Each structure stands twice: as C-alpha cells, then as structure tokens.
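The following blocks contain the structures, represented as structure tokens.
Look at the two complexes coming up: chain A is in both, with chain B in one and chain C in the other.
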Partner chain A sequence: MEKFDINTLGIVFALVGAVLASLLGGIGSAIGVGMTGQAAAGVVSENPTLFGKVLILQLLPGTQGIYGLLIAFLTLTNIGVLGGSAEITFAKGLLYLAACLPMAIIGLISAKQQAKASVASIALVAKRPDQFGKAMIFPAMVETYAVLALLVSLLAVANIGGIAV
Partner chain B sequence: MAQEYIYAVARIKARELSLLTQQDIDRLMACKTPAECFRALADKGWGTGGEQTAEAIFAAETEKTWALMHELLPDLTPFDVLLYPIDFNNLKAAVKCTVTNTEPHNVFMQGGTVDPQKMQLAVRQNDFSLLPDFMAEAASEATQVLLQTRDGQRCDVILDRACLSAIHRAGMESDNALVKALAELKVAVSDIKIAMRAQHTGKSRAFLEESLTPCATLDLAELISAAEKDAEALYAYLGRTDYADAVAPLKAGASAFEKWCDDRQTALVKEISRQDYFTIAPLLGYVTARQNEIATVRIIVSGKQNNLPDERIRARLREV
Partner chain C sequence: MAVMPMKRIAIYALKNRRKQILELIQRRGVVEIDDRKADETVFARMDTVPAKARFENNAASLQAALEALDKLEPPEKSLLASLNGRDPIPLSKYEETAQQAGELLKTASRINVLWKKCADNRAEILRLQTQIRALEPWMKLDISMRTLGTPTASVFIGSFPTEYTEETLRAMIAEGAPEVDGVTVEVLSAAAQQTCVFLMCHISQGLKLETYLRSIGFTYPAEPSKTPPADRVQKLNGRIEALQAEIDGAEAEIRTFKDQREAILYTIDYFTMRTEKYDVLGRLWQSTHVFIITGYVPAENADALKEELETKLEAYVELSAPDENDDVPVKLKNNAFAAPVEGVLESYSMPGKKEIDPSTIMAIFYYFLFGMMLSDAGYGLLMVLGCGIILWKFKNMEEGLRKTLTMFFYCGISTTFWGILFGSFFGDAVTVIGKTFFNADVGIPALWFVPVEEPMRLLLFSFLVGIIHLFAGLGAQFYQLARQGKWLDAIYDVVFWYMLVGGGIVYLLSMQMFADMVALSFTLPAAVGNAGAIAAGIGAVGIIFTSGRASRNPGKRLLKGLYGLYGVSSYLSDILSYSRLLALGLATGVIASVFNQMGAMPGNNPLGVVIFIFAFVVGHTLNLGINVLGAYVHTNRLQFVEFFGKFYEGGGRKFAPFTTKTKYFKITEEK
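Moving on, here comes the complex of A and B:
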C-alpha cells in the first residue's frame, strides 16, 4: 500500500483558507447590504430625494465581501490553483489558512456591525438630511477594522511563499 | 437579530418629520376660530379634504395611522396594549345595548382587534366562545351581572379590570421593552385613577379589591389601605413609588393628572424608541405620538369652540 504523504493536504488547507475569506466576507456583506437596503427603501419610499445619500450608506457594509474576494484571489494565485505549480507543503497550507482567517472572521463580524451602524445613520439622514456627512462617519469607523484585517491577511498571504517550510 | 422591522422603522423615522411641532401647536393656538384651526390642519395634510367636523378630521387621521401600520406590518399583535381599550369599550357597548334591548348607533369604535358585530352576536346568542379568550369570561360575567342587577357600574368594573389584565398580560408576554413598559404604565395609572376616584367617593375595600389590577410597580395592598384612609395617605404612598411625580398633578385635579399620564407616556416612548432601529418600538412610538397629537389638537379645537382663554387651553396641552 502506498504511504500517505501529509503534504498533499497542504493545498487543501490553503484552499479552505481562500474559500473562508470569500465565503464569510461575502455572507457578512450580503446580510449587511440586505439590512441597509431595507432601511434605504423605507426612507426613499417616504422621501425619494434622499436616494443618492442612502445608497452610499447602503453600500458601506458591502466592502467586506470585496476584501474577502481579493484575499481569495491572491491566495488562489499564490498556491497555484489559477495556474503554475500547486505544490504546497502541509505547513504552508496551514499558514495560508491562518493568513486568510483575519479577513474571513473580521469580515463577517464587521459587515454585520457596520450594517447596524448604517441603518441607524440612514434613519438619521431621513430625519436630518443636512447631517449626511456626519452620518456617514459612524458606519465608516467600523470599516477601519475590516481594512486592518485586510492588510494583515494581504501581507501574510503575499509573503508566505518566501518562507522555507 | 430582528430584521423584519428595518424597512418599517426607516419609513416611520422619515414619517416622523410630518408630526406636529411646537411651532405648529403655536400656530393652532394663534387661530381665532375652529375654522381657522381646520385650515391650518389642512395645510399640514390633516383630514382627507371632505370633513366637516373636528371629530371627522380626527377619525380620518386615526384611520390613516392604522392604515399605515397595516401596510407596514403583517401582524399587529404588538399593538394589542393600545387596542384592547377599544375592544373593551366596544364590548361594554355591545353588552349594554343587548341587555337594554337598544340598537347600537355610532357607539362602536373602529380599529380594535375584535369585530364589534361579533361581540354583539356573542352577547345576543349568549355564546361567548365566539370571543377570544381574553374577553370571553369577562363578557359572560358582565352580561350576567347586568341582566341580574341592572348595575351598569359593576358591569364596567368587570370589563375595565379584564381590559387592564389583558393589557398587563400582553405586556408580560412581549419581549419588547417598550410594550412591557407601556403595559405596566397603563395598568399602574389606571389603578391610581381608580384608587383616587374611590377615595373621593368613599368606595369600599371590596370595590377596590375587585377593581384594581396587579402590576409590578404598585403594591395593591398598600394602595387599597391608603385609599381607604384619606387622600393624604394615598399621596404619601404614591410618593414612595415610581409615580411620586404624579402627586402634584393629582392634587391639582383630574385634567392635570390626565396630562401627566400622557406626558409620562410620551417621555417613556421617547426614552425607549429614540435609539431603536430594529424592533417594533419606533412604530409603537409613532402610533402613540399620533394619538398624542390628536388629543392635543382636540383640546385646542374644543377650547376654541368653547371660547376658553388661551392660558387654560395651554395648561392642558400635551408634550409633542
């Protein structure tokens, strides 16, 4: 019987990382944009002139899905799924999985929390349209943490290839 | 996370801009005649254009509010605490009209949770199983009491107590903070009103025990003992409860206390629903705000109709 090579699992773990980054980020953004979309539709049905303003607030929780996709693409490219050599050791596979987790987990949580802040800001704009600038800052603050997670995942995924493991 | 109210709450937050402001109230107060008030109200979009009387305008506004709620929500159960008084008012009318064998003309209020015709049918056929559980037993008891004793007040006491019990139960069963708080407030202020009136008219302990409804913020045994003693004992007891600030308006008279009740409800609604974007609370808040502004406009218009001085009208105006 042929001996099982544990390194063949490396690509599996790396792919799981890429999948989680796009999956959880996407789920968070889908929930978030859905929530803010409902709020935006409610406001526009009463005051259609606010469409442009509430549309921007609706889209804010959508960025986590894009960040997740970016990390997934980068990972797929680095591990050779989109072309080139797909020889990833077991240790490297785990490293790619770990590198994708910040974007996956924080993407999911921050999108949902940002959606709550956006819904509140949409209600604020409905009552005081002149306060749009301030209203946009509150949900945008949540974005900071999604961007930090993106940076960590991005730097890690981009540099794992150079590690000799 | 509750998401089913997000659209409705956003619409209501936008709709809140059309509520009457203090400036609108001042403009109404500046009107010389009720006709001028009607024109000012029409400018704010009140009525449907064809109403001839103030009551018709108020009925149209109430209908608009509930039509909006029906449009926004498939289930109005969370509003039961606001709708049960309408149901029990209609039940009183159905029982009294049936027992006294009179035709009900314009006695039923619209917008309750139970069709008034169904109530009338249940009382006429003596088949109270047609009614929902929360009113069937009380309806049967009130009908028997009225048939046997012709005592309208006892009939009212039975139905009022059943109404308050239903409100309290609805509040306790709800998981929404505002529904709970509104139910508690409504039962507590009703108990205070009953105790105060019973004290003034020298009613017995048995009457108080039958009329008052248990709630979390009042100790009924203490309230009954105080009401049996004198007004000062009642004020002293209330001074030790969450309703200490009701003592001054109670001393000032019934209309001052009514104003305090409405203002307290408005403050409660503002406190709980202002920062809430995901539950039923802002919708409940909107409905109570609409009821409040209709009550305020009714006070202004009837004051103008009866040529009351502005100071007396202003003293009765609710917070908007």
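Moving on, here comes the complex of A and C:
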C-alpha cells in the first residue's frame, strides 16, 4: 500500500477555512439583515417616507457576509482552487484555516450584534427621523470589529504564500 | 467655511400695515421670529388659534378632496417626478388663488360629500351581500320564512347544526316522537354545519313535535324574511344595483372636477401659508395701533430688509448684535465645493456656540475618503454621469436633494481618481474581457500600485491619511480656541497632543524593528527619532500636568493628568480605525473581480457573451450599490467619530425663518 502523504490534506483544510469564512459571515449577515428587515418593515408600515433611511440601516449588518465572501475568494485564489496548481502543504493548509477564522467567527457574532444595534437605531429613526446621522453611527461602531477581523484575515491570507513551510 | 453672522431685528410698525409687512417678511424668508417679553400693560397678543384651526381644516378638506380625485383620476406621474421639485408660480397667481379659495372650498366639500356617499354605499352593499349570502340556504322555500302554520297545520322552518337527510330526519322523528305522525319533512339545504328544513304536521301535534325538535337542536332562523327568500334576494339585488348606480353617479361627478386639480393644489398651499402666517401673528405683541416683530436675521440680509421695510412700508426697524445669552440660530454659508456636505453635517448637528463651521475642511476629507473606499474608475464614472445628468436635467430640484446629489457627484470624481491610481475599472474587467473574448493580454496599469498585490502599503497609507485627518481635527480645535483668545488652552489641549502623537510616530519610524514589521523601505535617522522621542516626552509631561487643570486639589490634578495621558490609547484606536480604508477599498475591487470571473466562466462563445453581459450588469449594479452604501456609512463614521471627536460638539439650532412652507408650488417674486 502506498504511504499516505499527509500533505494531501493541506488543500482540504485551506478550503475548509475559505468555506467557513463565507459560511459564518453569510449566516451572521442573513440573520442580521433579517432582524433589521422586520424592524424596518414595521416602521415603513407607519411612515412610508422613511423607507430610504431605514433601508440603509437595514443593510448595515449585511457587510459581514461580503467580507466573508472576500476572504473566501482571496483564499480560493491563493490556494489555486480557481485555476493554478492546488499544491498546499499540510502546515500551509492549517495556516489558511487559521487565517480565515477571525473573519468567520467575528463575522458571525458581529453581524448579529450589529443587527441589534441597527434595530434600535431603526426605532430611533422612527421616532426622530432628523437624528438619522447619529442613528447610523451606533451600528457602524460594531462594524469596526468586523473590519478589523477582515483586515487580519486579509493580511494573513495574502502573506501565507510567502512563508516557507 | 462660515457660520453666518446673525443680527437681532425688531420691527415696529402701524397695525394698518400689518398684513403687508408680514407678507413681505414671509416672502423674503430671512427672518426667524422669536418670542420676546413686552410690556403687558400696553401690548397684548391676539388669539389666532380659531383662525388657524379654520385654515388647517380648510387645507385638510382640500387635501381629502384631492385624494379622492387622485384615486379616480390618477395624475400622470413619471418615475423621476420627485426629482422635479416644486413648480414655480408667480405672485399674481397666488393672489388669484386667494380670490377663488371660497369657491374651491365649496367644490372640495362637494367632492368630499360625494366621496363619503361612495364609501357609505360600498359599506351598505357589503352588508346587503352578507344578507343575501345568509338567505342562500333557504332559496328552495317558496313561502314566507316567518310562516308558523295554517288554521289546521303547524309549520316549522328552521335549521339543525348538523347534516341530515330527509330519511334520517324522518327516522329520528319517528323514533323520538312516536306519537306524532303525518309529518312532512323537506330538507331545503344540507351542509356539514347546517341543515335547513321545512316541517309540517297537524296543529294538534305541533307542540309535541316542537319540543322534540328543540331537543335535537332545532333553531329558528335569526333573520327570517317576510317574503319568500327568492323574492327577498331579488329585492336586495335591486337595492345593490341602485346603490351601485349612485356610486357611479357620484364618481362621475367627482371626475368632472378633474380640471380643478391644479387649482386645488394652489389652494392647499394658500391655506398652508395662511396657517403659517397666523401662527406668527399670534406671537406678535400688539397695542391699539402698533405691533412689534422681533427675531433674528442674517447680517447680510439685514440692511436690505431694513431699507425695504422702512421706505416701502413705513416701519421702524432696529438692528442689533445678539448678546451672549441669546440662543442665536445657525445658518451656514459655503461655496459650491463645501455646501454639498452641509446635509451630512446637519445630520450630525449644527455648530454650537463659538464653534466653527467645519464644512470646508470636512468636504475635502469627505470626498477624499469616500473615493478611497470605493476606488474604482468605472463606478466613479457611473456616479459622475448619473448625478451629473440628473443635476443637469432637473434644474428645479429641491435644495436638499440637489446638495446630496452634488456631494455624490464630487465623491464620484474622487472615486474615479482613486480608481485610476489603483488601476481598477469595474474591477479587472478589461483584463478578463481581453483574456476571455479576444485572447489578448491587456489591462489597465495602475498609476500608483495595485492594492491587492501590496495590501501592506495601502494599510500604511491609510494610517497616514488617518493621522493627517486627526491632526487636521486637532488643528481645527486649535483655531477654535485661539479665536476665543484661549491661547493657553490651545497649547495644553492641542500642541501637547501634536507633540506626543507626532513625536511618537517619528520615533517609531526611526526604529529598524518597526520598519521591518511593516516592510517600510526607509527608516529615519536616529537623531530625528531621538528628537521625536523628546518631543513626545515633553508632550506627555505637559499633558500630565495640564489635563487636570480644572481641579484645584494637586493630588486630584495629577490623577486627572494621568488619566488624560491615557487618552493616547484613543489615538491608537482612532488611527487603527482608518484601516477600513484598506478593507473597503479591497472589498470593492475583489468582489468586482469575482463577478467578472463568474461571468467569464462559460468562455468565448455566443452564449458566453450573453452570460457575461448579464453577470456584468447584475453583479456590478449589486456591488456598486453595496459599496456606495458602505463607503457612505464609513466615511460618515470617520468624520463623526474620529474627526469630530477632536474638536466638534455641535448643538446649534438651525435657522428656521418665517417663510412660505408650501407643498406643491414655489412662489417666485416677479421683478
């Protein structure tokens, strides 16, 4: 029997990382946008003129899914799944998996938390439409951490290729 | 960048000129009227509440009539109508409207009466239809539903709550009331919930039969008709037709007022304006012959207004500088470059007392940051074209919308600029199209560098932009404090921070370790680094000793100073926050590339071209939408949180002049 080469598992772990990034980020955003959508629909039923404003607030927790997609895509390109040679060592596979985790986990949690802030902001806008500028900032504060996670994942994924392991 | 200087205005005039003066001020729209105290033994206020209520009712009645009219005869409306703004009408038209107002109110109340009639009739029709439906199970009956019997027979017309056939019923009666014989049983209708029956027996046995029937759930109908059900239904249908005919007639009559739609709109505006005027009227102090108006007027309009009031309308106008305690409203005046961001500023807060109008400095950074986050030449050009065409086509647009679109127009220019620097045109569309369909290796070279290839470089640049942005905010704080003559505060709160943060950064840049960490191509000489470190040290010591200067207790002061120094951590997080410039910039480019590649997957064949075009249009529309939203939100955040945090609190009250707040038309002066 041929000896099992552990390095064939590298690509598996790398792909798991990419999938997790888009999967968890997407789940978080789907939950988040769903929550905010319900709140927004309620406001529009009372005051249709606020549609534009609450729509923006509704979409705020949607970015984590996009960031997740971004990391997933970058990983897929770097590990050669989208064309090129898909030869990843076991260690590198694990590195890619680790690199994707910040975006995956923080994406999921921050989207849900941001949605809560967004729902509250939608209620704020419903009562005081003139305070839209401030209402937008509260959910955007939560997003900071998704952006930071994106940054870490991004820099890691982009630079793993150069590491000699 | 300027907050317009305001003047207090007081107008004294004779009462017989009141109408003209108020109308003039309303049309000029430059005076915000406030409530001042006056000598109440001489002056009194007029009770205008009833008059106001009457005007409001009139406007509401016209509005209701308009809605009815619009339901029957929807006005032609294009999708872009909302961009059009209000149509201008000359003043003479306004006066004409005033004369016709009474006539139109009659029309409106006629429309409202007719419309109410329609609504009532519709409700009645609904009620009759319900009755008809209730009669349907009884249709087979050809006598009155109230028939109880003849001199020799007892008749039972009613229903059971379950389904029976004639046979089961007969069997049940035979079994349950054996002494009763010769019962006629006729099932009129049978359904799961209800069986309607006609039963007849000799009068002598009527009582016994009834007792038994009741024991098995027999009930008389709730609303028996006097005539046979079929006749009754026919009659009800006749009534429905009559009601419907009335509705048709009323609607036709409402339709005849179609041509008056425009006039109704004028009149709604007319009453809205009068409501506004009477609101002001109720706040004026008046004596037997004189009245007083007090308020604020922008200094630049003050003299012209004074001149006009004094020469034309024999008023006496007093202008004065507002004093310290006055709650002066804020009006901003900016050039075409900075004015568009006023809306964003306003959504945060108007400048408070002694604060500067940050619009200009904010506008520069706003366009810059927005462009960096979106950073795609294709998207930028789309924004420029879209906003440009709309702005050019709809000259009469409302002010707020015009500002917003102009803002996005400038943001589009900046986006195009950054797109060219980063070599992004609909992502990598040119490369993908060239490779897939023309087998050519083409591409737009980046004028500067490609962010995906050198993310670290863009990250550092983002931090640099952040530091400049924050320092600009600190600079604004310095200017604000210096303008008030608080030079020491300016040094304590601004210069020390410049030294600490700036010096710290210079020192970092001179360290080989930091340069290696972020792959910097240069390090500053050690001497410069040391100078930076010394500056930072002085800054830090200065902050420790001055941050707590509000407290007298030395111990408390030192603790507060140390806490002030701890604020340096907020600078760290502020600067790190600018990493979103990189994250969002990359997001636009990478997602655009994803769509391009998805579109190119079917390859170079006719179907592939169609799929590519489809993916291109849908994908990039989606990406543009999401990323414009993202760039907008995060640019606002950087402005509101990081930038404003350094110098701007807001809290000002927006200038709200007494003017014509009309809904449908803009009244213009004829010259």
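Keep in mind that, in the parts below, the second predicted complex is superposed on the first by the 165 of 165 C-alpha atoms of A that agree within 3 Å, B and C clash if a C-alpha of one lies under 4 Å from a C-alpha of the other, contacts with A are read in each partner's own complex, and residues count from 1 in each chain.
Going forward, contacts are C-beta pairs under 8 Å (C-beta built on N, C-alpha and C of every residue); 3 or more make two chains touch, one makes a residue touch a chain.
Keep in mind it's a predicted model, so treat the numbers as computed, not measured.
Undergrad: Mind checking chain B and chain C on superposed chain A, clash or fit?
TA: On the superposed model, which is not a single observed complex, chain B and chain C fit side by side.
Undergrad: Of the two partner chains, chain B (first) and chain C (second), which one does A:I56 touch, if any: first, second, both, or neither?
TA: Touch status of A:I56: second partner only.
Undergrad: As a test of reading the superposition: which chain, chain B or chain C, is in touch with more residues of chain A?
TA: The partner making contact with more of chain A's residues is C.
Undergrad: According to the stated criteria, A:A40 is in contact with first (chain B), second (chain C), both, or neither; which is it?
TA: first
Undergrad: State whether A:V119 touches chain B only (first), chain C only (second), both chains, or neither.
TA: The first partner, chain B, only.
Undergrad: After the fit on chain A, how big is the angle at chain A between chain B and chain C, using C-alpha centres and going to the nearest 10 degrees?
TA: 50
Undergrad: With both complexes superposed on chain A, which partner does A:Y67 reach: first (chain B), second (chain C), both or neither?
TA: Touch status of A:Y67: second partner only.
Undergrad: Quick one: classify A:K127 as touching chain B (first), chain C (second), both or neither.
TA: After superposition on chain A, A:K127 lies in contact with chain B alone.
Undergrad: Identify the partner contact of A:L154: answer first if only chain B is touched, second if only chain C is, both if each is, neither if none is.
TA: Only chain C is touched by A:L154; chain B is not.
Undergrad: To be precise, I mean the smallest distance between any C-alpha of chain B and any C-alpha of chain C in the superposed model; what is it in Å?
TA: Comparing every C-alpha of chain B with every C-alpha of chain C, the smallest gap is 9 Å.
Undergrad: Same chain A residues contacting chain B and chain C, which ones?
TA: Shared contact residues on chain A: none.
Undergrad: In the complex formed with chain A, which residues of chain B make contact?
TA: Contacts found on chain B: 1, 3, 6-17, 277-278.
Undergrad: Quick check: in the complex, which residue numbers of chain A touch chain C?
TA: Interface residues on the chain A side: 56, 59-60, 62-63, 66-67, 69-70, 73-74, 82, 130-134, 136-137, 140-141, 143-144, 147-148, 150-151, 154-155, 158.
Undergrad: Could you list, by residue number, the parts of chain C that touch chain A in their complex?
TA: Those residues of chain C that touch chain A are 344, 346-348, 452, 455-456, 459, 576-577, 579-580, 582-584, 586-587, 590-591, 593-594, 597, 626, 629-630, 632-634, 636-637, 640-641.
Undergrad: Quick one: in the complex, what on chain A touches chain B?
TA: 34-35, 38-43, 45-47, 50, 112, 116, 119-120, 122-123, 126-127
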